[in-house]
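Below you'll find the structures, each written out as structure tokens.
Next come two complexes, and both contain chain A; in the first it sits with chain B, in the second with chain C.
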Partner chain A sequence: MEGTRCWQCGQPTAGALFCPSCNHLQQPTSDYYKFFGLPQKLNLDPGDLQKRFYSLSRQLHPDRFTRSTPTERQYSLEATAILNDGYRVLRDPVSRAEYVLRQRGFDVGEQRSKDVPPELLEEVFELNMALEELKVGDESAREQLEESRARFRSMRDEVDSQLQQLFVRYDESADQDSANAILQEIRGVLNRRRYIRNLVDQVERELAA
Partner chain B sequence: MSSTFQIDFSAAHKPVIVGIDLGTTNSLVAFMDLTGPKVIPGPEGERLVPSIVSVRQDGEVVAGNPARQLLIEQPDRTVYSVKRLMGKGVSDIGEELRLFPFRIAEGSESVVRLQLGDRTFTPPEISAHVLRQLKQNAEAYLGRPVTQAVITVPAYFNDAQRQATKDAGRIAGLEVLRLVNEPTAASLAYGLDKRKDGVIAVYDLGGGTFDISILRLHEGIFEVLATNGDTHLGGDDIDNRLIQIALEDIQSEWGEDIGKNREAVQLLRRAVIQAKEELSFVPVTKIELEYQGKAYRRELTRDLFEKLIADIVERTLGPCRDCLRDAGLSPEQIDEVVLVGGSTRIPLVQKAVETLFKARPHTELNPDEVVALGAAVQAGILAGDVQDKLLLDVTPLSLGIETMGGVVSKLIHRNSTIPASATEIFTTGVDGQRNVLIHVVQGERELAKDCRSLARFDLKDIEPMPAGMARIEVRFLIDANGILNVSARDLRTGKEQSVDVKPSYGLTDEQVEAMILESYEKAEEDIRERQAREARVEADTIMNALEKAKQNDAWLELTDEERRTIDEALNRLLMVYHSDDHLLIRQSIEHLNNVTMKLAENMMNSAVSNALKGTKL
Partner chain C sequence: MAYSDKVLDHYNNPRNVGSLDKNDPNVGTGMVGAPECGDVMKLQLKVNPETGIIEDAKFKTFGCGSAIASSSLATEMLKGKTVEQALEIKNTAIVQELSLPPVKIHCSVLAEDAIKAAIADYKKKQSALQASQPVSK
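Moving on to the complex of A and B:
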């Protein structure tokens, strides 16, 4: 956006949301980090992010452009949609990491993660047994399920702290190659996390039923 | 309230934007004056305009209080609670048809058509008549034209219901600048943001809908965290419960089922509503009905009333718990609770809310007016007069597209702050395919058939190429009104891709345009007709006077020439008398007036001289 000029007065905007010369709203960037004025880091301060979100909302919301030209009204609508979408993505560490992966060209499609990670094979086998027993009315399986839930939860916490460490390493990475290597690692951990989360959800559903 | 609203005095000459609460039972219009939001009263000083529309025998459509009178006299030509039908087809109003005397006409598949006399109306047209009444009240009160409005809708309204409300505004000649969710509007009216930052819950039990919203207030920003509700739950359900019981009583007392008699049921409806309202203030009351010489009387205690409606009140608590869960909060974290809607006057409702949220609810503002007042504040925000507040609302339902096997792929999740968007890339499945059809649904279920069909979007005129080669990026954008906009781009050419929208429910743009035109023509016709009628009344007056004058001596004192001129002028007036052109009639009246000037003078003189003679005698 650096080379862009204002649609209204033709002066260079240097990528600003509002033209420095005439103050008209410009076509917004769709890059969430740029939009929030943040460097592409995986660790973000939630309080700071929220502050930016509120401040940008005040400036960009369609309510502020009722009496403006159709172009500005359209830009306001687009900008606010990007702002809201971006806030939703960036405030959650997992969706934030997935966003950065996608921006960097990694494939993070909706993997059904049917393949059980090998280290979880035994756990999943036992879980399925317990679920079967519960279905046929064996209440003693409930206890086993509760144990499984506790185990899966602690696994999830473990994965989360692993992610946290990778985030720090990514943010401190010196060059593109090492950054990409860390992203590759993050991608693997996210897949594992997705799988564990599904297990937790499944057990919780069964226990609630 | 004056200190609550920061007003920009320089803005006093901008066109006014009104705030409208288009309710199931009653509607209100409000505006922002220099001290804060104010409800605009009607010509009789009434603040509530009943959401009732009636077609009189002479074909004139009336709304509000005049229509309310006709509800008993001509129930077949009168309709109420039409908000329950907004944005719906005949297949999804089974429950409404069981409980309300709607008469459905042919061709109601995608839009309900109501039969009133020999005419049919869609719900947006009916609502437009109520809106027109509110617009007129506002124009009379403010002394200037009103063409822009903020209209409130239940937070849980889907896309079609929102679109129908916007259509109603357009048909009534109002540019709807924003649809605001009713509970959010109510929170604006309370101005709670001035007291402190915190979390508030708004419990809104209206005539026909129930909404719950949880908001975070922070330095004037009202951020909705989650919303939930039931568009089939409201005060009407309480009334229907009481009517049912009374009908059974009457059946056993009189040996007669009056349930099929519309007039009797309307009288009974009034009676139970009165009893219900009284029970909010006294512990015991009576339901009384006199009909065709028979009388029905039944004592009703608050205790029994509460037992009768307990399950209805309980049904509101499920959505409240879900809303708390979605907001990620426990009841203890709710700082304030606001009550909205007439049904929240019921002590049992207040008790239930207080127990759930562990906070004493706010009831300072009139629950019937608080939504309209909030709509006026939002109007002030849009006008730029209120600069210290901003609403960030959410979409109540997830938006998704139907994929293989009828499974829904969610694109925008419920409780996402709006405006919100999502993009998807579509391609073709067979060689040379020219169209791609996208079925968009709203709802939380896994299968498209269990969700609400919103529209089918047809990506047209795709360049023929081998299967899977086309790359069309479709952007789904929910705007600040909660209404979906879809645009598409061919990624290979970068060009805009044309999209044909087929809404599943509701009116097409062309239909709305036709209704706007028709309403203008009708309004113009009405005005012309009225002006001609008024001119004829004036003509009658002058012709009667002339008739009398011809008996007077003064007539004989005129020359033959003068008398002939007058008779010619009279004939001219008689010739145009039945024309519908009021200007022509008035010209002839004026001409007759001019040529009878001397006659009038002579009569005056003779009257004076007669009077003088009289005093002498």
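Moving on to the complex of A and C:
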């Protein structure tokens, strides 16, 4: 991006969304962090992100491009899409972490079972057995489910505080190697979290039924 | 998503649902799961100590129709095989037999993982057993 020049006036833009010389909208970057003008940190100030979002929304408002050239209108549509997608992804800590993982070349979402902690699998299995018993009308399973819900919720809280600590360590990491090692850890914790979230959802659904 | 007839058949009439005694030294248990969809699969096999042939296999799977069908088929494939032959079972054979679409291939991978995990458990038990037994002359 550093070497790019304005499509309109030919001056260097230094990667800015609006040309510093003529103020025309440039082709937007698809990197959410760069788009919001943020360094790639896992801990973000939600208030700051929101301010940036509103400010960019104003700058990209369709009314401002009604008399623009087709090129600039096209860029404004692209930029608006990136703005909304990026805000949604960066606002949530988990999707933000998944985004950084993908950016850094980690696969997310299609893990094999070797990534899942065995004790968690046992837990899932037993829970499913209890859910099945409840479905066939065994009411004693309800109490067991309430216990499970409490346990899974505390597991989820524990995982969230683990993630929080890993975010801090990632943001403070000195070099690429240690950053990647922490991302690897984050990936594992996110897997665990996904599993636990499924459990919480499942139990809550059954208890509400 | 439309399931193939074979998936539906295994889903509606799953073969070998149940469990075997996990403390039996001739029984191997594999427990695997897929985080992305919350599937969890338990697969067990029992080896005849005289012949070395898998004489029984059971499974219990919580998950989508393809995961249930994959594990059901896997237990059928295991029976009558030796442990070494069972290790040769590939997920692609399950994909072919059940005509699984690409998005459901991970279900067959899970079944292959479950077989491998059950065999690893069986072998671990057997070597522990041999280590604890006095050598007969």
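Remarks
The definition used in the following text is that the second predicted complex is superposed on the first by the 198 of 209 C-alpha atoms of A that agree within 3 Å, B and C clash if a C-alpha of one lies under 4 Å from a C-alpha of the other, contacts with A are read in each partner's own complex, and residues count from 1 in each chain.
Just so it is clear, a residue touches a chain if its C-beta (ideal position, glycine included) is under 8 Å from a C-beta of that chain, and two chains touch if they have at least 3 such contacts.
Keep in mind it's a predicted model, so treat the numbers as computed, not measured.
In the superposed model, A:Asn198 makes contact with chain C only, not with chain B. Applying the stated contact rule after C-alpha superposition, one finds that A:Val168 touches neither chain B nor chain C.
Contacts of A:Tyr87 after superposition on the shared chain: chain B is touched, whereas chain C is not.
In the superposed model, A:Val124 lies in contact with chain C only, and not with chain B. Of the two partner chains, chain B is the only one that A:Arg67 touches; chain C does not reach it. By the document's definition of touching, of the two partners only chain B reaches A:Leu77; chain C does not.
In the superposed model, A:Arg58 lies in contact with chain B only, and not with chain C. Residues of chain A that lie in the contact sets of both chain B and chain C are absent, per the superposition on chain A.
On the side of chain A, the complex with chain C involves touching residues 109-116, 118, 120-122, 124-125, 128, 191-192, 194-195, 198-199, 202.
In the complex of the two chains, the chain C residues touching chain A come out as 31-36, 38, 40, 42, 60, 62, 106, 109-110, 113-114, 117. Per the touch definition, chain B reaches chain A in the complex via residues 14, 177-178, 218-219, 221, 378, 381-384, 390-392, 416-422, 477, 479-480.
Within the complex formed with chain B, the residues of chain A that make contact are 54, 57-58, 61-64, 66-67, 77-78, 80-82, 84-85, 87-88.
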